[in-house]
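There are two complexes below, and they share chain A, which is joined by chain B in the first and by chain C in the second.
Let's turn to the complex of A and B:
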């Protein structure tokens, strides 16, 4: 429980992780800071997004929380247990799901995969059989449950990843870029699954580059850059408190560039998008358009992607 | 304990499934088994070339047991396999004991090794006029299994080091096997080595087990056979204990230096 009386599943304080570049037993390269005094609470039963450019420290945080990496300093607790000293109490309660095709045994079937991992999560055989069957059905793999995983499409493999991550009935699920390689339909189903998992009382920490996904599924998001937290808020709250430009969208070809407070305009497929400095300027643009007979017009708050780009900068390709 | 046995069982099932996906009974028989039989024949023929049936007996029996060790020490490669398939992080983050998971995954290779050696004991001795004490010789596969367990524990221990140095896996596998072949009484009696080296061989797998098998085939005293089998089991337990400590150390090291990667 934190100081506000909220039960937290993830409690991180001043977490720092540094490493040296290079190979071998004792790398001698320059020291890199992956996490730099990061502090974060994730309340129980929250879907929490970690957003940031490549190398921001998202995966490093997930690795520490999943007990496969030690922090250099600071503390991290999962469900009240220290991830360094109490790994035996943390591990049974976490599920890990990452995107891509690795992390699976191609020569096993989905059912065999789940039975194997169920044993590693100490599920008795009878319970493992039932749980595997439930998950295969829930994730739409029942018909192909006895086919080799290597014959699956990428989306199906991702669903095996999900099922494997859920086999131990985890209270905290760490998703690291889970929709990598998913087609839009699979990604939509994934978002639905996230909502279901939250309804079951689980806590979900998800790293993603997909802003739409984060906006849709996350209760709150944390923007991380260079190992530090830039902001933690709900996607909407983050957008509103960001003080970013407001946008007005209208189906028109009118010229609005002369209106005070208009920063920029762009037209795509007959849709005019006007960037304004604040609410008052947006109001002025709306009034102008309505006065000129434009009927399809609305103000748009900044999207999470706008906030991300504003706070992180356009350095998504940088490492 | 029940959890550990379940992990072993499902590890065995998974590894059997994966093993049988690339190894059919035909490929096992005509490629793997036949290759190992030829190896044993090669050494027995050296004995024949030396013109001594005693040498033939010694070399053939030694190599019939040694070919099992090739399979049993293949477990060394599995650690790197987990890393390459991206499952190592998931394995480490799972609540089961790492060593148990790992032991379960390699049991198929141990079984293959014992099967190879047993088949070889049935097929090759008559070809080289090596006399086995039938029907008592039916117990030889059990003794080979004891030696196999000890080689497997030794291989698992080496595997834990390979976990930290994946690029050394083939070197480690070949060196581990060659050490057994060279020093543990397969082709050269351990009495040939200087005292200090003989002391080293007494803590290596195969030395005592092979002595027991040789004594059994020569219809030596039962006490010698049993004592050496117990010593072989002791060596197996010691290597298993070292493997457990070493596995934990390597996992701790991986957690410290960040070499256990999520794979996406």
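Let's turn to the complex of A and C:
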């Protein structure tokens, strides 16, 4: 519990992590700062997004929270337990799903994979079998449960990762870029799964490059860059707080550049997007377009992506 | 214990589907043919036991260095090592289970050697003290398991370990007396062989095959097991060290 009486699942204070480049027992090379005094709270049962460009420190944070990596300084608590001193109290309650192709045994079946990890999550054999069956069903792997993982499609491998992450019935789940390389259908199923997991009372920390996904599934997002927090807010709140330009969208080819307050226009697939300085000029553009007989017109608040670009810049979009 | 068994079971699942893991078994016939041809041609029936022991123990060593010692670096390469570290169960019993499963297969070269001797040359050596022979084999498999854990952990800690190991295999065959009895080696090399448990194994197994009485069986078995326990403890410490260092330096995923 924090001072306001809200339970926090992730409590991070001034967390710093540096790496040293180079080889050997004690690398002596140049120091790289991955996390630079990061502070963050994730209340229980929240879906929290971590957004930031490559190298921002997202993976480093996930690794420290999952006890794989030690912090250089600062503290991190998961479910009230320190991730350095009380690993035995932290580990049973976290599930991790790291993106990428690795982390699976191609020569095991999905069922065997889950049995293996169930043992490492200390599930008794009978319980492990039931749990593996449940998860295989839930993730749509039941039909192929006894085929080798190496024969699976990319999307199915991803689902094995997810099932593995859930085997210990975790209270906190860390997803590190889980949708990288997922096809749109799989990504939609994944969003559904996240909603279900939240309904089950779990807390979810998810790093992603996909702003639409973050906007859709996250209760709050934290923007991080160079190991520091830039902002933590709900996606909507962030947009409103940002003082960013209002946009007007319309299906038209009319020229609106002369209207006061119009900063920029762009046309994509016949859709005109007009960037205006504030609500008043947005209003002016709307009126102009409606007066000229344009039907499908609407004003849009800034999207999470716009806020992200505004705060972090274009380089953040390179994956 | 459950973690150990889970590791062993998983390793059997994995090996069953990776026949190339069992490549060591394919090198055995060459050693068998080479050694038995020489021994038979030279008409030295007294050396037949040696010709059978060498491929057997070289096979055991081959499983250790070729397969068991690779388990941990394989885990790191596969990025499953970090997932294991994040799990509440301890990883070392699991990995020891996996290594043990490999080493149980280390008995196969023995059967293979005997079979090839019978089929190709029509000989099998007499084993005059079968109980001692099997006890020595079991103790050797155990000691080799400990050694494998030690080797596996060293490879996690140092990239160079891999090169050294390849380079070391021949000296070890020689010093451990699996090819030639140690007393035939140049005198200055002989003391070195005492620290290698394989030399005790080879001596005891050779004696157990011979007609004469075997002296000090108990102590000699104990010596093999003792060296095995030492390796096991050393391996356990090194694994803990390697994982600890990985958490500090941040090189869990790759070297």
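Operating definition for what follows: the second predicted complex is superposed on the first by the 316 of 319 C-alpha atoms of A that agree within 3 Å, B and C clash if a C-alpha of one lies under 4 Å from a C-alpha of the other, contacts with A are read in each partner's own complex, and residues count from 1 in each chain.
Here is the rule we use: contacts are C-beta pairs under 8 Å (C-beta built on N, C-alpha and C of every residue); 3 or more make two chains touch, one makes a residue touch a chain.
Predicted model only: the values in this text are computed from it and were never measured.
Superposition of the two complexes onto chain A shows a clash between chain B and chain C. In the superposition on chain A, contact of A:105 is made with both chain B and chain C.
In the superposed model, A:29 lies in contact with neither chain B nor chain C. Of the two partner chains placed around the shared chain by superposition, chain B and chain C are both touched by A:66. Shared-chain residue A:116: touches chain B and chain C both.
Once the two complexes are laid over each other on the shared chain, residue contacts for A:176 go to chain B alone; chain C is not touched. Legend: residue contacts after superposition of the two complexes on their common chain; A:80 is shown touching neither chain B nor chain C. Common to the chain B-facing and chain C-facing surfaces of chain A are residues 17, 19, 25, 27, 63, 66-70, 88, 91-92, 94, 96, 98, 100, 102-105, 107-108, 112, 115-117, 119-122, 125, 148, 164, 168. Across the interface of their complex, chain A is touched by residues 2-3, 6, 10, 13-14, 17-18, 78-80, 82-89, 91, 94, 159, 245, 247-250, 252 of chain C.
The residues of chain A lying in touch with chain C in their complex are 17, 19-20, 23, 25-27, 60, 63, 66-70, 88, 91-92, 94, 96, 98, 100, 102-105, 107-108, 112, 115-117, 119-122, 125, 148, 164, 168. The part of chain B that touches chain A in the complex is made up of residues 3, 6-7, 9-11, 13-14, 17-18, 21-22, 85-87, 89-96, 101, 164, 254-258, 260, 262-264. Every residue of chain A that touches chain B in the complex is listed here, in rising order: 17, 19, 25, 27, 59, 62-63, 66-70, 88, 91-92, 94, 96, 98-100, 102-105, 107-108, 112, 115-122, 124-125, 148, 164, 168, 176-177, 180.
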